[in-house]
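Scrolling down, you'll hit the structures one after another.
The same chain A turns up in both complexes below, where it pairs with chain B and then with chain C.
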Partner chain A sequence: MFNILKELIYSSGAVSLTGGNLVMWLVAFVLLYLAIKKQYEPLLLLPIAFGILVVNLPLTFLMEPEHGLIWFFYHYGIEQDIIPPLIFLGLGAMIDFGPLIANPKTLLLGAGAQAGLYVTFFAAILFGFDLQEAGSIAIIGGADGPTTIYLTSKLAPHLLGATAVSAYAYMALVPIIQPPMMKLLTTDHERKIVMSKLRHVSKLQRVCFPIITAMTIMLVVPPAAPLISMLMLGNLFKESGVVERLTNAASNELMNIVTIFLGLSIGATMTASTFLSPKVLFIFFLGLFAFVVSTAAGLLMAKFMNLFLKDKINPLIGAAGVSAVPMAARCVHKVGSEANRRNYLLMYAMGPNVAGVIGTVVAAAILLKNLG
Partner chain B sequence: METDWPKVLEVFGSGIIGVFLVMILLQILTQLSTRVIDFVENWSKDEEAEAESKK
Partner chain C sequence: MPELIAPITGNVWKILVAVGDKVELDDEMIILEALKMETPIYCDDGGTITEIKIKEGDAVNEGDILVVIG
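The block that comes next holds the complex of A and B.
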C-alpha cells in the first residue's frame, strides 16, 4: 500500500515542478486576467494563456513531438502553414475594402506604416538579435497577429510565443499607445481637417479589387501567396454576394475554430525554458518600439503626402496604417472628433487600416524572401 | 557571431523600397481599373437610357 502511494506520488507531475513552471503559471494567470477581466483581445489571449498553463504542467507531454495533442495542432496548424492563411480567409470575408478602393492613395499610408517595421529590424540587430530573430520582432510593428505568427514560425520559431503575445497585447493597447503619438506629430489645425466625401464604389469594382490585388502581389512577391490569396479569396466570397454560406462559414465557424487551435498552440510553445530569458524582455520592448515607430511613420507619411495634395487628407488617418483592424481606425476617429466634433473620420481611416493589412503581408513576404 | 551588416542594409533598403513599389503599383492598378469600370458602367447606363427614350 505504501509502495503504491509512493509510486503514485513520484510519477505525478507535482514532484517535477520547477521554479520556471511556477513563474509561467503566473504569466498565464496574468494573461487570463487581462483576457477575462479587462477583455484585452480575449479571443486570442484566453486560449494562449491556457496553453501556457497546461504546457508548464510537467509530464503531460502535450507538446511531445509525434505524440502530444497540442503538438499535432502546432505541427499541422502552424509549422505546416495552415492556420494563419485560414485566419486570413475569415478576415477577408469580414473586411470592407470599399474606403480603400474609393481613395486608393491611402495604400501609401499602409506602406508608410511598414517603414516602422524595418526601422525596428535595424534596432533589433543593434540589440544583438540575429537576422531571422530581428525579422520576427520587426513584424510586430505591423500589428497583425496571423502575419506575425506566419513569419515567426518560419524565421525564428523559438520566439513564436513571445512575438505573438507581444503582437496581440499591443493590438489591444492601441487606444493607449496611439493617441499620444497622434497628438505629438500633428497640429491642432491638421487634426481638424475635414476630408471630402468618399466616392461611390460599385459592386464590380469591389469584385475586381481582390482579384487584381491577389494577382499583382503574388506575381511581384510570391512568398506572400499563402496569406494574400486567402485574404482575397475571403473578400471575393463576400463581395460576389453569391456564396453567402461560404462567407458566413469563413467569417464565423472557420474563424472561431482556427482561433482556438491557434491560441492553444501559440501558448503551448511558451515553456519556462523558451520564455524565461532576458531576450523575451527585449522582444516586448522592441515590439512596443515597433508599434510606436509604425504609428509615427504612418502619420509622417500622411503629412508628407499633404505637401503634394490639393485635397488634403487628415494626417491622423496615417496612424491607422498599422493593421490593427478596426481598433486603429476607431482610435483615429476618436482623436479626430476630439479636435472637431463634426469630423467623422472612421470610414476615411478604414482605408489605410485595411491597406495596412496588405502592407504587412507584403513586408513579411519581403522579409521572408531575404531571410528565409 | 558577427553581424552581416551588408545583409542588414540590403534587407532594410529592399524592404522599404519593395513595400512602397508594390503599394504604388497596386494604387495605380486600382485607380486604372476603377476608372475603366466607371467608364463602362456609365456608358452602358447611357445606352440603356437612350434605348428607354427611343421606346
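The block that comes next holds the complex of A and C.
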C-alpha cells in the first residue's frame, strides 16, 4: 500500500517541478490575465499563454520530439514554415491596398520605417548576440508577427518564444509606445496638416496591384517568395471579386484554424530552460528599441519627404510605416485628431501601414538571404 | 445648403442629432466606425437639421452626404 502511494507520488509531475516552471506559470497567468481581462491581442495571447502553462507541467512530454502532441503542431506548422505564410494568405484577403495605390509615395514611409530594424541588428550584435540571433531580434522592429516567426524559426529557433511574444506584445502596446514619439518628433503645426483627398482607385488597378507586386518582389528578392506569394494571392482573391468563398475561407476559417496552432506552438516553445535566461530580457529590451527607432525613422522620413513635396503630407502617417496593421494607423488617426479634430488621417495612414508589411517581408528576406 | 459629408469610409455607429435640432459649429453629430475605431464627425456650419440621410448601421463612403442643414 505504502509502495503504491510512493510510486504514484514519484510518477506525478509535481515532484519534478522546478522553480523555473513556477516562474513560467506566473508568466502564463500574467499573459492569460492580459488576454482575458485587458483583451490585449487575445486571439494570440490566449493560446500562447496556455501553451506556456502546459509545457511547464513536467512529464507531460507535449513538446517531446517525435512524440508530443504540440511538438507535431510546432514541427509541421512552424519549423516547416507552413503557418506564417497561411496567415499571410488570410491577411492579404483582408488588407485593402487602395490607400497605398492611391498614394504610392507612402511606400517610401513603409520602407523608411524599416530603418529601426537595421539599427537594432547592429545593436544586438554589440550586445553579444550572434548574427542569426541579431537578425531575428531586429525583425521585431518590423512589427509583424508572422514575419517575425518565419524569420526566427529559420535563423534562431531557440529564440522563437521570446521574439514572437515581444513582437505581439509591442504591437498591442502601439497606443502607448507611439504617441510620445509622435509628439516628440513633430510640431503641433505639422500634426494639424490636413492632407488632400485620396484619388479614386479603379478596380483594374486593384486587381493588377497584387500580381505586379508579387512578380516584382519575387524577382528582386526571391527569399521573400513564401510570404509575399501568399499575401498577394490572398489579396488577389479579395480584389478579383469572383472567389468570395475563397476570400472568406482564407481570411476567416483558415486564419482562425492556423492561429490556434500558431499560438499554442509558440507558447509551447517557452519552457523554463529556454525562456528564463538573461538573453530573453535583452530581447524584450532590443525589441522595444527596434520599435521605437522604426517609429522615429518613419516620422523623420515623412518630414524629409515634406521638404520636397508641394502637397505636404502629415508626418504622423510616417509612424504607421512600422506595419502593426491596423493598430499603428488607428494610433496616427487618434493623435492627428487630437491636434485637429477635423483631421481624419485613418485612410492616409493605411497607405504606409500596409506598405510597412511589404517592407518588413522584404527586410526579412534580405536578412534571410545573407544570414540563413 | 450646408451639408455634413462623410470624411472617411465606414459604418454609421451612432447618430447624435435628429431632424429639427439646432446645431452649432463643432457640435458632435455622427459617430462613424472604421477599422473598429469610433470617429466623431463634427458640425462644420450652424443651423437647423432638415434631413438625415443615413441610419445607424449604414455603410457610408467618403464624400457621402450624411446630414443636410437648413
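Here are a few things to note about the model shown:
Definition applied: the second predicted complex is superposed on the first by the 372 of 372 C-alpha atoms of A that agree within 3 Å, B and C clash if a C-alpha of one lies under 4 Å from a C-alpha of the other, contacts with A are read in each partner's own complex, and residues count from 1 in each chain.
In this section, a residue touches a chain if its C-beta (ideal position, glycine included) is under 8 Å from a C-beta of that chain, and two chains touch if they have at least 3 such contacts.
Just so it is clear, the model here is predicted, and its values are computed rather than measured.
Taken together through their common chain A, the two structures put chain B and chain C side by side without a clash.
Once chain A of one complex is fitted onto chain A of the other, the partner contacts of A:L346 are limited to chain C, with no touch recorded for chain B. Residue contacts after overlaying the shared chain place A:L107 against chain B, while chain C stays out of touching range. Touch counts on chain A: comparing chain C and chain B, the chain ahead is B. By the touch criterion defined above, A:S337 lies against chain C but remains apart from chain B after alignment on the C-alpha atoms of chain A. Judged by the touch definition given at the top, the superposed model places A:F261 against neither chain B nor chain C. When both complexes are overlaid on chain A, the residue A:P326 reaches chain C alone and has no touch with chain B. Taking every C-alpha of chain B against every C-alpha of chain C after the fit on chain A, the minimum distance is 21 Å. For chain A in complex with chain C, the touching residues are 197-198, 326, 329-330, 333-334, 337, 341-342, 344, 346-347, 350. The touching residues of chain B, counted against chain A in their complex, run 1, 3-4, 7-8, 10-12, 14-16, 18-27, 29-31, 33-34, 37-38, 41.
Looking at the complex, you find that chain A touches chain B at residues 100-101, 104-105, 107-108, 110-111, 114-115, 117-118, 121-122, 125, 130-131, 135, 201-202, 204-205, 208-209, 212-213, 216-217, 220-221, 355, 358-359, 362-363, 366-367, 370-371. Interface residues of chain C facing chain A in the complex, by the touch rule stated above, are 7-9, 26, 34-37, 39-40, 42, 44, 62.
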